[in-house]
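Scrolling down, you'll hit the structures one after another.
Below are two complexes that have subunit A in common, paired first with subunit B and then with subunit C.
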Partner chain A sequence: MTLCKKVYLLIFCLFVLTGCWDRVEVNDLAFVTATGIDKIEENKFRAAVQVPLPGNMGGAGSSGGGGGSGGESPFYVDSGVGRNIRESNDDLQQRMSRKLYFSHRRVIIFGADMAKAGFKKSLEVIIEQPQSRLSAYVLIAKGKAIEVLNATPHFEPFSSETIREMAKSSFGITVKDVLNDVEKPGKDPVIPIVETAKTQNGDGEDKNDEVMVNGAAILKDDKLKFFANDEEALGAFWLLEESPEKNYTFSVGDNKEINVSIDEKNLRHTYSVLGGVPSFSLTLDVEAAVMQNEADIDMDNLDSYELAIDSMEKKIKKEIDALLDHSTSEGIDVYGFGWHLYRHDNRQWEEKWADNWSSTLKKMEIDVQVNATIQETTNPGITIKE
Partner chain B sequence: MRRLFNILKHNRKSKIPETMDLAISTDLDNNIKFLKKQFENSSDVVFRQITTAKNKAYIIFVDGLIDSARIELHAIQQLLEQTPADALDTTYIEEQIISVNSVTEENKFKKLLKQILDGNTILLVDKFDKALVLGAKGGSSRSISEPDTESVIRGPREGFTESLRVNTSLVRRKIHSNHLKVVSRTVGTETQTSLAILYLENLAPPQLVEEVLARIDRIKIDGILESGYIEELIEDDTWSPFPQIQNTERPDTVAANLLEGRVSIIVDGTPFVLILPTSFWQFIQASEDYYQRFHISVFLRLLRVTLLFLALLMPALYVAIASFHQEMIPTTLLLSIAASREAIPFPVFIEALIMELSFEALREAGIRLPKVIGQAVSILGALVIGTAAVEAGIVSAPMVIIVSLTGIASFTIPRFNLAISIRLLRFPMMILAGIFGLFGVVLGSIVLLTHLCKLRSFGVPYFSPLSPLKWSDLKDVFIRVPWWDMDRRPKQFVKEDPVREGSNLKASPNQKES
Partner chain C sequence: MKQFISPFQLAILVANFIFAAALITLPQILTQISIQNTWIVPFLVYPIVVVLLLIGFGRGNILQSSFLTNHRSSLHHLFYITIGLFLVIVYIRDLRAFIDFTSRALLPTTPIEVIAILVSVVLLYISSTGIEVVTRITVIQFIMLSATILSLPFMLLNEIELSHIMPILGTDTVENLSKSSFELLPWMGESLIFFFLLGNVAAKKGVKRAIIIGVSIGFFLLFLLIITSIAVLGENIVSKSIYPNFIMIQQINITDFLDRLDLIIVILWMPVLLSKLALTLYCIHRAFFNPNGGTTSNLLMTPLSLLLAVLAIILFENNTVHLEFTFLTWTIIGIVMEFLLLILVLILRFRAKATSLR
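For the complex of A and B:
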């Protein structure tokens, strides 16, 4: 055997004998777009997945039957039961001809019962799985998570896509954020709530379950404590959301509302420690533009302008206070006061507050200051001459 | 393989029979007898007997190679007018009778034979042991026309023809300088093909010219029919898939390269002229880049580099990502790929192979067929590949897009010989991608890059000026700076006289005429 032949044989072996034949065709995979995890009973979980059905999506090749996309749902939901998430997935896999593939999972929903019992272990599974995206959004369903997955919203083909879009525009929080918040000392996660609602089209026939991402679930570590009411949810927006874009309505008198769009908001905090107890002062600067001036207030007039921004500031402060009061009374740190102390005053934190942060939080003074400005006035209002 | 080498070696050793190197005698009949024997069974060789003064004479030429009108008017007619009283000798005939502009004397048969075959006319007169060679070549050749393979929107419209003299004159017309040297060589024991090696004496490195001449001189072959023969016989690494010698049909391209100190070889009988040494980047440059405004040239060059990568790697990347790294594709795109692949029976790799091969087949068919049928083929191909194959569920629509984009990308490479190598290399890349995924693609790219960096064209690194890096030469690689800034010749070739133009050439109101 000549050297040449030996080299060829070696190269051939390299191609054939290497363990790299792990090629997987796209059509042998079931792309999970969303997972919903519910707790059935103690140590028994139901993991539901939403999987698109490419055959029903009207692709060029698949329309051999002629308009195959009509009527049939482009996705389906199935679930498995097990003692943990992996076992549930294995249970589910037994019913699936295609391999579950989690790389494209963008949404993870926990049912309310599951969230109340704590979901940290389930989230850690996601980190352990190399396929999973840490950038998947985490949401909490008011009822069962599987019900949200079954929703058939009108706009997007999959409810997961709808949820992802809506979570992104609300204060969407990802797996990474949640795990960070759970692990950080002195910070508790706040997670958007997702629920279904019927299409409100009066007597119209086309009623589907629409998906609604609205409100905030307040957690203590990884355990759900309460669902914020509307006012507290707005407080969560002011405190936690980075993107300022929002339309906001406040009242300046009886039946006189002004709609503004928030252009910018900036939250700062300072703290001081008095007698071993820290106190925080939050300052929120808000810039807004008037969208609708129903009250016909003359914005060029200083008095009426101040009346407008006064009512706005008061309303915002009330919302923030409502959230902070409710959460601190339960020993929950939504804003991350403790995390701030941990970073900036670590010695005192370790000595005094680390072990009893919940009780410290209850007696901590939090002063909230709101400075609002209205910079653009599309409708400057009329001045009524007396 | 080894046996083939042996055959070649053996052939090289075997003696090629040579014409006897006899001198011409004074006896005309003997001479004619000898020549007629040499040209036995050659009906196109004409022996025309005339009597001039009192001497018998013969005019010998190959019909079709000479300008017969001129020979009739300036040689035959003049000779026939001589009266027997005139005393004749070859000098007298040369100086007083024949009015053809080029007349030389020969006294050896070997050279005489070559002159006849080259298209010259021979005059043999009785009692003289010298032959007169009348240089009146003629015959039909293609007129100068725009080259089909390298058409431009702006630029000269003339292209080389099959005639060596026309071609050298086309270059001479561009460079009116006595520095332009045209060295002549004859290669091919049977074809006796003339070669002209062109270079600018003051710019081309002497070692380079020497090397080129040496490599040409060691060629021993029976025939050279196209410059491709010469290219493969003198290039540095014939096993490399990349062309190391550029060929062109455009005189302006040759002139521009000569001005950068390169050497060009014109081969008689083909319009394709060789330019050497070359670098990889020359193959993605078109002559028009230098004629259009530089903005568009910069844009087009960057576009070509991008498309070069696409032409080489796109099917491979698609195969790798779609069958190994599904997480890299955006979800919605992945779902539409999955949807269109739902009914496809083949793996992505096989699908890609089928499509690429049928595309190559179509392209080949389009080139070989007569132009009228070629159009029908392309319509058929577009139907088969574009629509029917997708609807029948044999290939998926994204694959069609990938293959056609790749095809278009490979068409943007200005030099056809590089485009061929890219087309070929696409297949090993695809195979690597099908086996190893992106890892394979990266591996293949590394091997390719290493090879490109190692390759040399007549001693000049093939990947220069990128590797080895020469910052100053980069102004004419991915971009082209405006002409007023192109002040130096490429350092790789020209060492002695690097300055191409004056400084401060940029027009501005502040510059005084000096």
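For the complex of A and C:
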């Protein structure tokens, strides 16, 4: 290489190596762990973010990453107002010395008013924004979303982490699931409810706002229609939750209950079309293990065993029927009967049902059958009779 | 001295050429058209492409011999100019796609002009070393990316929903699949580059097999990406995302702590696309300035690469214009030019056959 070429190369390097446009230091970023979106009025939204404060995150006796001050909250919540989510974030950014960074956001909460008005556009921001992830959990708050973000549960430093853990171990619905359910023909989303509750420690002073993920919000497309009651919420578990793990209690007489742990559940469906109206048959197989036999039912006696099984099956069927009756009466397809028809009988779906699926649902017959078995009982197991 | 590649290397070059750029945005438009049936489309286009390539290649090695000879006819030159123009369009399209992806997903505040210049310098460096180096880089990178893509369905096993890929037989299914196939055909038709590379393959045996293997690998990997992305994301999200495969790999979560593999996979993909661009640049340079392979000068490679980089920036006002070109204009230009090239190849082969008979 001649000297001239070397000089040219050095000059070229000066231009391309002088700096990087995209250099970002970690301490210039505000890592958003959760977002809460509330509707203030028509076309006016409040987007709240929960951001960890590295300086307050040190363990006991430590000063934390940035020289923390003991006793202070390890996160803070702030919000911005705008006509859409991006504008709300921009409004908030004006008060922040660090740049909002959404790549580590795990939870998105919609307030009840926001959910009633529809939130599809707010969720689609996540596809448009390369930082955001579709794997964030979506939940609906019974009140304001920002109130849930402000909760200070005991176990985790952030309420967002508590919500993520609870959503993951139960009925976790991600942005991806919601966006798909909203767009799928013949399927409406069901989203878990999140709310706060005070620590129930009697007269103890250490009372915080604990986070509770419980129940199901039933939506039509992207709009909240109703919050399922306790019975309907259990129906949602039987129909929609993939993980079978759950403790379940049912009565076998007056003030006599059996507690079981659900080990397996398998839901199947078949359908038939009569006179242009489809009807579905759902069969749920449940396997459980007895955890507490307060009713003192003798499980090795066939009659007693069948009494227990029958009670359990009836209760489960009642819960599923409660959810299906309520939702179909409002033209909502929580299970995805229409989605099944769309895939398996697309021509009939397009010709007969696609345009009036809500009204078809109201007159559609849905038969629910539950087959329960108890695989394990508690000690003493078999009792030898004289 | 003329550089040569083996049939295996030829197969990898062809596979890489049809696959590396098609995975960026193409699944989006295909899924918009043929929804969750889109994964069937590669199976429909594959036989068409293979038959066309076999028709072009013909029996024996007459065509290969005609490219290996130093006495090129004016028809050869016409073929080189046509494929040169074809490759210029492919290069500009892919370079801009690469720049836009880098700018949107990785370096949002770096000006695209700077990205274009830096990429062009890298490509210039690789291309000027010749076909052998380009091929070796391609083989190494392509094998690594292929292994990663083959493992994707396993890494995403917990995210896959089979109901998303269940074929739907509706009233307009056949029509939509045809439209999608039409969209995919010119992308896969880029495998015609293999005719251009024939002059660099010394081996007489196994060349035809190499083409089939190369095209098959490219199709299979594209099929795998399409079916995995639809199974994981659902057709709704795939058809709304500019970079559906990027969003798909963001879904990988092997336990709570191993869920940031997207950047690693992108880093594996980038050299593969750079290899394709480097091969394209090399071929453009040879087609226009060194069709006989007689000279070894790369003097014009620098201005050529910079000119193409400038064109990649100024021809598209923004990324939407580029996407419009990629999805709509390119389909027509690609199909017309590919059929023109195929006709030229057929004439070349018949002439070569007539000459050999004489």
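We take it that the second predicted complex is superposed on the first by the 351 of 386 C-alpha atoms of A that agree within 3 Å, B and C clash if a C-alpha of one lies under 4 Å from a C-alpha of the other, contacts with A are read in each partner's own complex, and residues count from 1 in each chain.
Please note the rule applied: a contact is a pair of C-beta atoms (placed from the backbone, for glycine too) under 8 Å apart; a residue touches a chain by one contact, two chains touch by 3 or more.
Source: prediction; values computed, not measured.
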| item | value |
| --- | --- |
| First, second, both or neither for A:Asp22, with subunit B first and subunit C second | both |
| Of subunit B and subunit C, the chain that contacts the larger number of subunit A residues | B |
| Which of subunit B and subunit C A:Glu124 touches, first, second, both or neither | second |
| Which superposed partner A:Leu134 touches (first subunit B, second subunit C, both, neither) | second |
| Touched partner set for A:Asn346, first subunit B, second subunit C, both or neither | second |
| Subunit B versus subunit C as contact partner of A:Lys184, first or second or both or neither | second |
| Which of subunit B and subunit C A:Lys363 touches, first, second, both or neither | neither |
| Partner chain(s) touched by A:Thr33 [first = subunit B, second = subunit C, both, neither] | first |
| First (subunit B), second (subunit C), both or neither touched by A:Met57 | first |
| Residues of subunit A contacting subunit B in one complex and subunit C in the other | 20-22 |
| Residues of subunit B touching subunit A in the complex | 322-324, 326-327, 331-332, 334-344, 347-349, 390-391, 393, 396-397, 434-437, 439 |
| Touch list for subunit A against partner subunit C, complex | 16, 20-22, 124, 127, 130, 133-135, 176, 179-180, 183-184, 339, 342-343, 346-347, 350 |
| Subunit B partner contacts - residues on subunit A that touch it in the complex | 15, 18, 20-27, 29, 31, 33, 52, 54-55, 57-62, 64, 101, 103-104, 106, 131, 161 |
| Partner subunit A, residues of subunit C touching it in the complex | 104-111, 114, 117-118, 121, 163-164, 166, 168-171, 173, 233-234, 236-237, 240-241, 247, 250-251, 253, 259 |
